[in-house]
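Dropping the structures in below, format is C-alpha cells.
In the two assemblies presented below, subunit A is common to both, partnered first by subunit B and then by subunit C.
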Partner chain A sequence: MLDEALHSPRGKDGRAPDPLRVGGWMPMRQYGENDEVDFAIVGTGAGGGTLACKLAEAGFSVVGFDAGAWWRPLEEFASDETHQEKLFWTDERICDGDNPLKLGSNNSGKAIGGSTVHFAMVSLRFRPEWLKSRSLLGYGADWPLDWREMWRYYTEVEQALKIAGPVNYPWGPPRPRYPYRAHELNAAALVLAKGCEAMGIPWSETPLATVSAPRGRSPPCVYRGFCVSGCSTNAKQSALITWIPRAVKAGAEIRDLAMAGRIETNDAGYVTGVHYYREGQWRFQRARNVVVAGYAIETPRLLLSSANSQFPDGLANSSGLVGKNLMAQTNQAAWGVMEDEIRWYKGPPSLAVTEHWNYTDTGKDFFGGYAYMSQGPLPRAWVSSLAGNRGLWGDALLRAMEKYNHQAGLKIVGEVLPQERNRVALADEKDRYGLPIARVTYSLCDNDKALVKHALNFMSQSLSVVGARDIWTESDDTCHLNGTARMGDDPRTSVVNADCRSWDIPNLWVCDGSVFPTVGGVNPSLTIQAIACRTADRIRAMAAQGSL
Partner chain B sequence: MAANNAGDLSTAATRQLVGGAVGAIALGLGVALLRRGFTPQTGRETLAGARTHARQKRSPLRVDEPPQVKAARRLNRAAGLLGTSTLLDSAVEHYRGSFQNKAMYTPLIVSALMLAVSAHGTRDKRPIAHGVRDATYLAAALTGIAGTGFHIYNIAKRPGGFSWQNLFYGSPLGAPGAVALSGLLGYYSERLRDNESDKIPKVFGLPAGRALAALSGVGLLATAGEAGLLHFRGAYHNPFMFAPVTVPPLAGALLGETALSRPRRPRRLTRWWLRLTALLGFAGAGFHAYGVQRNMGGWRNWSQNVLNGPPIPAPPSFTGLALAGLAALGLLEEHPDA
Partner chain C sequence: MPERYPGYDVLAKRATPSWNEPTRRVIDARLSIPNEPRFFTMQEWETLTAICDRIVPQPKDRAPVPIAALVDRKMTNDERDGYRQASMPKMQQAWQRGLAALDAAARASHGAPFHAIAAVKQDVLLKAMQNGELSGPEWNGMPAHTFFSERLAHDILAAYYSHSSSWNEIGFGGPASPRGYVRMNFNRRDSWEAVEAKPGHEAAARKANERVG
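Showing the complex of A and B:
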C-alpha cells in the first residue's frame, strides 16, 4: 500500500497529489502533447523543481517530467530504512575507475522533488572565492558567475525554504539573518562542538532546510531522525513540498512516472520537444525550450543518448565535455565511542558543522576545502558501515552494534578537483526502456587523497580530545555528484553559459548540479536552487528583450 | 519569496485568523475572570455601583478596609496568579527535563505553597502580616534567586556558553525570576499589612505605592524580555507574537513613569494599559494552545506537544504582574505620596 505511487501516475486528469494533506489533491493545469509549451523540464529536484516554479510564476507554460513517483509523505513514508529505498535511483549503471562510485542512495533520487526528498537538508553557501577558484586560489576552473549576485539568490532560496540557521554565521561575508532559528543541538552535535573548541577552531549550528517553528502546513521538526530516509512530517522543506506545489498553483503541469528518453531536434538545429515513457508507452511533448535537470548522471546520459545525425556526439557537446569532469564529493568519516550516551539518531543527522577548512588556506597540503558535520546514521546504515567498511562480522559486529547509543562521528563533505577522466558515458547495454545504460568512471587524484588524509587526521584528533575511544576512520565514501555539463565563458571549454543555456543549441538548457565547474566543500543543494532562481530571472529578462 | 502566491497567503491569513480567534476566546475568558474577581476597585469606585453595594452587604467590614490591606490582598492575588503560572510552567518544563536533578522539584513545591498562602491572603482582611505566608513568600523569593543561579550555571557549562543556542534551548534564564518576583510581591504584601492605616504606607523605608509600581514595572520588562527571546527563537512566525514584546514593555514604562513622577491622578492611560496587559496574559495562553495545535499531531498528540509547543502557562504571568501594577495604582490613589 505504501508504494502505490510507484505503480500508476498521480499527476493527471487535471489534479495532482497535495503532499501536505493526507489523501489530498490539488488542481493542476494540463497541457496537450501537441501544445508547444514554453518549457519542458526534465527532472523536478533542486534544479528542475525550482526552475519549474519560478518559470511558471513568471507566466511561462511549463511541463515538468520526473521518472519518480509523487509521494504524500504524511501517509507513505515509513520509519523503515529499507522500505524508504523507494526514494533512490537504483536503475542499473556500470561503475568503474580506480574508485568506482557506489550509486543509488545518498547520491541519487527518484521522486517528484528529486533527492531533496531524502537529502540531509544541509543548506550552505559557497565560499565566494570558489567561484573564481582558478584565478584566486590556483586550482579548478572559474565560474562565470559573480558571488555578490549569487549571494542575493542564496538569500531568496533561504527565504523560500525558511532555512533554520544560526543567528551569526562564523564564516564568509555577512549574510542576512536566516529566516528561522537554528535547531537545538543533539549530543552528537555537541561532540563536534566540544572537539572544535578543544582544537581551537570555530563551529556553528548547521543551516538546515527543516523548520524550527510552524510554517504553513509544515509543523516544526519533531527530531524523528529519519531525514535521509524521507521526512514523514513535512518539516523538511524539500522541493516536493515547497517549489512543486508553488509551481502547480502557478499553472505548471508536473508528470510523475515519466521517464525522458530522448530530446528531439529539427533541421535548424533547435530542440523541439522530449520523448518520454509513461503508462506503458513512449510519448512526445512539444516544447519551445527543453531544460535538462536530471542530475550529474542522468543529465549527460540524456544529452548523449539524444545524439542524431546532426549532433553525432550528443546534444550540446561541441566542446566534448558533456559527461566529463564528474565530481563526487568525498564523504569520509571518523567514528568513536563516547562514555556518555549519545543517541545520535535523534534529530537531523548534521546539526553542527565546521567550515574552518573551507575558509582557511594555510596549514593544508592540498587545494580545495572541506566542511565536516556531526553524524547520526540509523541502525541499518551503521551496521552496513561496520560490516562493509570496517570489516566486522559475527560476534565482533554484534558487540560493535551494542555500542550504537554511545557512538559519535564526524564526516566531511570534501571538495574534489574536476578531472576529465572522471566521466559519464554510455555503455552498450540497454535498460528496461531500451536506453543505453550510463557508465560512470571515477578515480580520485592525489590532491583529493591528500584532502581526505588531512580531514581524517584532524577529525580523529578532534574526537580523541573529547574522550572518544575506539576511533576508526572510514575512508571509502562519496556523496554529491556534480559537473558533467559545466558552465563557463568559453564555448570550447564549457557546455552551458552562465544562464545555463547550452552554447550549441540556444533553446536547450541544463539546470542542476551538472553545471558546476567546481564543487567546493559544501553540500550543493542550496547552490543548485540559487542557480535555478537566477536562470529563471535571466530567462524572464531575455524573454522581455525578445532574445529567448 | 515575493512570488509566494495568493493561495499561500490566504492560507496563512486563515491560520492567523484561527490563531486570533483562539486568542480572542482566551481574552474573553480573561475578561470574565477579571470582571468577576480580579478587577481592582479604584479609589473612585467607578465600576458598577450595584455590585459594590452587594459586596458591602455581604461584607460590611469591607467599607473600612484600610487601603494598604486592600492593596495587600490585591498583591496576594497577583502573587497567586504569578505563582500559578510558575507552578504549571515549571511542572511542564521540569517534567520535560525528567527531573534530572532533585532540586528541580523545588519550584513546584514552593509555587504550590505560595498559591495556597496567596489564596489565604486574598481572603484575610486583617492588617497584620501572617508568619506562614511571610515565610513562604520569602522562601519563594529565595528559590527564584537560587533557581536563576542554577539556570545560569547550566547555560554557562554548555559548549558555546552564553550563545543564542544555549539561551534558546538551555535552562530559561528568566523563568526562575518569575518565581522570585511572585515571592517578592507576596512578601511585599505582608509588609504592606504591617503599616498603620493613617500613615503613608512604606515598605523597606520606601513609599509603598511607588516602590511597588517600580517592582512590577521591572517585572513586566523582564518578562517581556524573556518572551522576546523565546519568540525570536520561534522567528515571530505569527504576527501576534509581537504583542508580548510591545504591550507589556509599554505598561512597564508607564509604571516606571508612575514611580518616578510627581503625584498625579487619575492615571487613566496607565490603568487601562495595565488592564490590557492583564488581558493579553490570558490571550497569550489561548495563542499558545493554538501553537500546540500547530505541532505534528496537534492536540491529538497532546502528551508530546504540550511539552514541545509554546508553554501555555507562561503568558498569564503578564496578568499577575499587571495586577500588581494595578495594586500599586490603587495605593497611589489612596495616598498620592505613597
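Showing the complex of A and C:
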C-alpha cells in the first residue's frame, strides 16, 4: 500500500516525479549507459544530492544513483510511525563490538534525498576549533579544511535551505542572520530554556531546515510533529525537495531504485564507471569520475566490495583506513515528568538547543563536546526508550506510558573519538543482490563514556531545577554515523584529500559524512552539505585549470 | 487504573483535516487485520498470544488490540529492522526459536505449555528470559535476554503502540496532517486534542473529549 515507488522506478523515460505536486512530473535529461558522463554519483542524500545539483549547475554531465524510491510526500506520506519505516535502510547488517549499534531508523535512509527525508532538520555549524582539534584541543585529528572557508559554505547552505533560526546565535564567531525567523517554542523546548537559565548557561532556538514562512510550494511548518517519519506537507527542506529538483532542472539525471554493486577500474588504475542493479538486471554506466556518497556504512561497503586484482584491499584503500574510524555520535537522554501538560508530540522534536558544552572547555574531564536539545518522541519511539532502557513491561509499562503528555526530555548529540577498531567490514553473508553485507563493529572508549556521564549529570540537574520528577537517564543510544573514509593531508593517514578526492585513484571521490576525521557535537547534515558545495567549487576550479 | 483521557477517541478525527488520505488508508488497513496467524504455527500462535497478554495487559471494556496478529504480519512481510546483533539469527528464525524455547521452559518447569500455565508463572518465566536466566539446547546459542529486548518486547510494544486504542490511553494526538497544531505552550490544548481528566472531574473530561474532532 502506498508503496508503488518501491517497486518500479520513476526517474526514467525523460521524466522524474515532482515531489512538490500531487501526481506531478518534471522533465529530466537522460544519458545512455555508453555515454561517458562527467560524474556518476552513488547516493542522493545530503552529500550526493547537493553535489549532483552543484555539478550540474556548473555544466557537468551528471547521473545520480540511489537504491531508494522517489517519493511524492503530499500523496504518499502518512502520519504514521510504522508505515513510514519505508524511508529507512532496512537491509540486513550485522552489529557487534562492546556496544553493538542499532541501525535502520534514525541513522539510515533509503530514498531519493537519503536520510534528509526523515531527518530532524537540526542545522548546526561546527565549532571552528574542531577542524583543528588535534592541534588546538589535543584530541582526534585535524581536518585539511579552514573554518573561514567553511563559514562561507555554511552560509550558502543556510540560504539554499532557508534555515529558520534566531536573530543572534549565542556561540561561535559571528554568522549572518538566519534567512527565516525562528519557530515558536513548544513546551518541551521551554523546559530546556528554563533549565538552562536556572543553570546559568545560554540556550537558543534551534536553527531548523523547515520553513517558518511560505517558500515556493513549501508551506510554513504546521507543527504536526511527525518530522522523523517524513514531512507530508513539504515544509521540510530535504534534499528530495531542494537539491534534487534543482539538479534535475540543471540537466542531471537521477536514477531511483538503482543499487550500486561495484565500481570498475581499468589497467591504468582509473575508475571507468559503476555497475548497478535496476529493473531486474545488472547494468553499467560509463563515467569519467565516480563519486561515492552512500554514507558511513554503504560508502566503505562499496569501496571494499569493489576490490579486484589490481586493488585487492578495495578501492582507495592504500592507507588501510577504508571502513575504519567509524564515529556514531552518542544520543543519550535524561527524561522526567512535569506537573504541567507538555504534549511534546507537537512541533519539530528539537526546537531548543544549548551548545554550551561544545564551546566551553573548562569543567570537563573528557575531550570533545556535546549539544543537547529538547525532545518529542512519538509513542512507538517513546515506548522503545522506556522498555529498552528500563526493562519495563506489563502494568508497570502501561503506568509509565500513561504519563506521556507530561514527559519532558533532553538529549545529546555527543562527540565520540575516532578509533580504528570501530569499523565497517564485509561479512560472509550476502544480500538479495548477492553483495556481501556490512559487519559494523562498535565500542565506546573511556573518553566517550566520560562525556556521556557528564552530559547525563548536567541534564538531570537541569530537569530537576525546573521541577521534573521521576528523572531517569537513557544510556544506550547513538545517532549519526561518520568517518570510515576520512579526509586529510597525508595519503598514509587518510582516504581522500580536502577536495574529497581519493589519494589512490584520481577520478574517484567520496562526498558524504564518511570523510569526517572527527565528528564534533552537532548534527552533521549542514556540514556534509557545506563540504559538497565546496567540493563542487573545487572541481569546477580544477576543471578550469585542466587538472581534473 | 482510572482512565486519564475518558471518552477520547483518535478515530473521531478520521474525517477532519488532521487525517490525509494516505493516513486513512494506512490506519484503516491496520485496524481491519484478521486476528489469526499467517506466519506462525498454531502452537507458536498460542504461545505468542499468551506472551502479548502479559507484556501488554489490556483493559476488558474495549476490543483488544490484536497484537499477536500485528507481530505475525511483520513476520509474514519479513519487515526487518535493518540490523541484527551478531549473536542473533534473522528476525523470523529468532521468533520461531524463542517461542519454542519458552514453551520448552514452561513444559520443563510446570509440565504444561506456556499458554496453559497461570499468569504469575508466565511472568516468572518472562522475567527469567529478560534476565538471561533461560538457556538450553532449544536456544541454540541465542542469548535469552537479547531475544527478550531486541525481539520479543521490541516487536510486541511496537505493534501495540501502532494501534489507535493505545493512542487513546495516553492522550496522543495521533495523525496530524495537514492540520497540525497551533497551541504549543505549557498546558495549552487545541480543540482537536485529548482532554486530561483531573481527579474528580472525569465526567467533564469525558464530555469534552466527545467533542474532540
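Just so it is clear, the second predicted complex is superposed on the first by the 547 of 548 C-alpha atoms of A that agree within 3 Å, B and C clash if a C-alpha of one lies under 4 Å from a C-alpha of the other, contacts with A are read in each partner's own complex, and residues count from 1 in each chain.
Simple rule for what comes next: a contact is a pair of C-beta atoms (placed from the backbone, for glycine too) under 8 Å apart; a residue touches a chain by one contact, two chains touch by 3 or more.
Keep in mind it's a predicted model, so treat the numbers as computed, not measured.
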Quick one: classify A:Ala268 as touching subunit B (first), subunit C (second), both or neither. neither
Please indicate which partner A:His83 is in contact with in the superposed arrangement: first for subunit B, second for subunit C, both, or neither. second
More subunit A residues in contact - subunit B or subunit C: C
Going by the contact rule set out at the top, does A:Val22 touch subunit B (first), subunit C (second), both, or neither? neither
After lining up the shared chain so the two structures overlap, which partner does A:Trp393 touch, if you call subunit B first and subunit C second: first, second, both or neither? second
Answer with first, second, both or neither: which of subunit B and subunit C does A:Glu75 touch in the superposed model? second
In the overlay, answer first, second, both or neither for which of subunit B and subunit C A:Ala160 touches. first
For A:Leu185, using the defined touch cut-off, is the partner it touches subunit B, subunit C, both, or neither? Pick first, second, both or neither. both
Applying the touch criterion given at the start, work out whether A:Ile94 contacts subunit B, subunit C, both or neither, answering first, second, both or neither. second
Given the touch rule stated above, what does A:Ala213 touch, subunit B (first), subunit C (second), both, or neither? first
Residue by residue on subunit A, keep only those touching subunit B in one complex and subunit C in the other, then list them. 184-185, 190, 222, 233
Per the contact definition, I'd like the list of subunit C residues that touch subunit A in the complex. 1, 4, 18-23, 25-27, 29-30, 54-57, 79-86, 90, 123, 126, 130, 149, 153-154, 157-158, 160-162, 166-167, 169-189, 193-194, 196
Residues of subunit A touching subunit B in the complex: 54, 57, 156, 159-160, 162, 166-168, 179-182, 184-185, 190, 193-194, 197, 205, 212-217, 219-220, 222, 233, 235, 246, 249-250
Contact footprint of subunit A on subunit B as seen in their complex: 1, 3-5, 7-8, 11-12, 15, 158-160, 164-165, 168-169, 232-235, 237-238, 291, 294-297, 304, 308
Seen from subunit A, its contact residues with subunit C in the complex are 1-2, 75-83, 85, 88-96, 100-105, 108, 184-187, 190, 221-226, 232-233, 340-343, 345-347, 378-380, 382-384, 387-388, 391, 393-395, 397-399, 401-402, 404-405, 439-440
